[in-house]
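Chain naming follows the written order as A, B, C, D, E and F, and within any one chain the residues start at number 1.
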Amino acid sequence: MIYLTRKAEFSSAHYYWNEAWSPEENDRVFGRCANRNGHGHNYTLEVTVCGEVDPVTGFVVDLKELKDILEREVVRVYDHRHLNLEVPEFAATVPTTENIAVAIWRRLDGRIPHAKLYRVRVYEMPDLFADYYGEA
Amino acid sequence: MIYLTRKAEFSSAHYYWNEAWSPEENDRVFGRCANRNGHGHNYTLEVTVCGEVDPVTGFVVDLKELKDILEREVVRVYDHRHLNLEVPEFAATVPTTENIAVAIWRRLDGRIPHAKLYRVRVYEMPDLFADYYGEA
Amino acid sequence: MIYLTRKAEFSSAHYYWNEAWSPEENDRVFGRCANRNGHGHNYTLEVTVCGEVDPVTGFVVDLKELKDILEREVVRVYDHRHLNLEVPEFAATVPTTENIAVAIWRRLDGRIPHAKLYRVRVYEMPDLFADYYGEA
Amino acid sequence: MIYLTRKAEFSSAHYYWNEAWSPEENDRVFGRCANRNGHGHNYTLEVTVCGEVDPVTGFVVDLKELKDILEREVVRVYDHRHLNLEVPEFAATVPTTENIAVAIWRRLDGRIPHAKLYRVRVYEMPDLFADYYGEA
Amino acid sequence: MIYLTRKAEFSSAHYYWNEAWSPEENDRVFGRCANRNGHGHNYTLEVTVCGEVDPVTGFVVDLKELKDILEREVVRVYDHRHLNLEVPEFAATVPTTENIAVAIWRRLDGRIPHAKLYRVRVYEMPDLFADYYGEA
Amino acid sequence: MIYLTRKAEFSSAHYYWNEAWSPEENDRVFGRCANRNGHGHNYTLEVTVCGEVDPVTGFVVDLKELKDILEREVVRVYDHRHLNLEVPEFAATVPTTENIAVAIWRRLDGRIPHAKLYRVRVYEMPDLFADYYGEA
């Protein structure tokens, strides 16, 4: 069993806001992130898959295929987008780093041929990241 | 003469748009950056000042003071903001990396005691940055 | 269950020395680290907490609160300090990267509301780090 | 139990090729990596060992000794070498990142005094790495 | 006048060898780099152009166009190639970091619309790079 | 003319203190750096030399020789040392990043065969560095 990790990047806008709360409550809980004009980040995504190494190719996963899946399922949907306004899973869910990691897991799980999705790591900033290993 | 550089960071949203153009023209020139919902970045700012080293303190510039100036003049104004919508210099100027570097120069020039502003560098992404050395 | 990691930094002096040994024995085991004048490092701390994502806020932990805890419990105590001379847990314990990771765990464990401390990682240099997951 | 990680680097040439296949099949599966003239990388190796912290020294492992083992068992053999042509384990095995991680595990396992080899991580590029935790 | 820098990467094999010298002389001068099987690196290229900012677009240079030029003139020619064996400028010139910087300058100079090539920087390793500013 | 830069690292302790001042004045000017127990950093040194590329070797400078000079003149003297207490140039000069850059220039200038020392850059932290280009 070997674990292979590939990085990808996307640059997106977002804000934190709970419609059920007053503006004051949003400010108190979310601070500067509650600015409805939005702000943004260069997100770094690390996707780890695991499996047996194919003895003929030496691959756990076809890297070109993995890159294409990340591009199609995540980067094309999130990059240069406003997460709250344009990405359906954040219409009613706050796009925190934690929730972005869970959402990317759901986008990728079951779509990687010959390997198992093991971990999704999302960096919002170089000094802050979230890891998700699936529902269990 | 010695050159001292200090980094700071801000996370902002922006888009590229020219009101004088049709949406098609904006799309053609600005591509995915023309999305009016905005996207965003973790910007890294490097400010270089130069001057003589004070023989008593060993400083070109008081670092605490420099940090406070960057915080007050730039970070507090740009961080967690939408550059087009909330920062006055980008109301009618496209917030490209080049223009952000020039704008930060204008915010800082003449405000650093005992040292001369030498260069403003702005990274929009780790693989793209602009340098500005002043008007001349 | 999601894992959230936040980084912090501190710059400290230290040396390696065992009072029960001769200077020669200290030199043999600790090499250049046995210099009693001390040397120092920019340490990077990565603290990982885990828990359920709060469905309302999208947070495992309040980031501002986590940052304040790291600042109060670790950075304020270690930063710009001599670990052997000024930090009580290293009065009689060699401040190796391993022991610093354990000491930071003990400072943080039980102090993070709503989340469980999962891992403490300490980098002494970019090419050397220690991970501690608790006593068990 | 604590985990200590040390990095090392080596710069090597390699190519991907399966002698049992036609050139066309090699091109189809391995793409640009199938160029028999070779290409190369700056590999980064992260070796993690685990064990109890020695209460006297504060070490899980003697760092100088660990560095010497990595140098002797891996860096001296791989650095400034063509992996396919000069490193025996890749004479008949494709030197993918996955296979390099497994090969380095086999070179190191059982050779680190007082500590257990826990993980071998190999970066081929900053955005691609493989982890191996041993045969089980 | 503003300076804009864009990075690109290529992974290549190379060796250092002077046909006019004996193998012993090559070994003495070039050390481990004289291994004729080749070794390799992940090179990082930073290309800096300068010019006036277009007041309408906010661009010194069209970034998409610059990226395409770097891709076509450099990356497609050098990446996943053996520099000595497959890149014409290194058939009789040692592909040192210095010479690679000069060669990339010659490939790019005069090909960037609306801006002037200012500097070519090539990293062979994170701790070694060469800068070239043109012939003058 | 080409510019070649090589990095090196050293880990040292230091403090900022002016004997002519009261403790209160030292605290006011130097803040936490005035702690006489010392603190420390992982310093990164970037040394840039310039010259003509030797047409036979492709070198501005022999890299092995440059590395040995940095090691002998700087790293061996500063690394794992207390700058104030053990390095003569800081006996009466505050070891600020600016002064360290100037001191390293003086240690290296005139000692690099076949090339001219162009710039000494010293990082005290990843977000703070000083550049020195010589006395003129």
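FYI, a contact is a pair of C-beta atoms (placed from the backbone, for glycine too) under 8 Å apart; a residue touches a chain by one contact, two chains touch by 3 or more.
Quick caveat, the model's predicted, so the values are computed rather than measured.
In terms of the stated touch criterion, the partners common to subunit A and subunit F are B, C, listed by label. Counting every residue number used by either copy at the subunit A-subunit D contact, under half are found in both chains.
Centroid distances from subunit A, each centroid being the mean of CA atoms, peak for F. Taking the options C-F, D-E or C-D in turn, the interface that duplicates B-F in more than half of its contact pairs by residue number is C-D. Averaging C-alpha coordinates per chain places the centre of subunit D 34 Å away from that of subunit F.
Look at where the CA atoms of subunit C average out and do the same for subunit E: the two points lie 41 Å apart.
Distance from the subunit B centre to the subunit E centre is 29 Å, each centre being the mean of its Cα atoms.
In subunit C, the positions touching at least two other chains are 126. Chain pairs that touch, as defined above: A-B, A-C, A-D, B-E, B-F, C-D, C-F, D-E, E-F. On the subunit E side of its complex with subunit D, the touching residues are 9, 11-14, 32-33, 35, 37-42, 79-82, 85-86, 125-126. Residues of subunit E touching subunit F in their complex: 16, 18, 29-31, 93-99, 101-102, 126-133.
Only residues 1-8, 48, 53, 56-60, 63-64 of subunit E touch subunit B when the two sit together in their complex.
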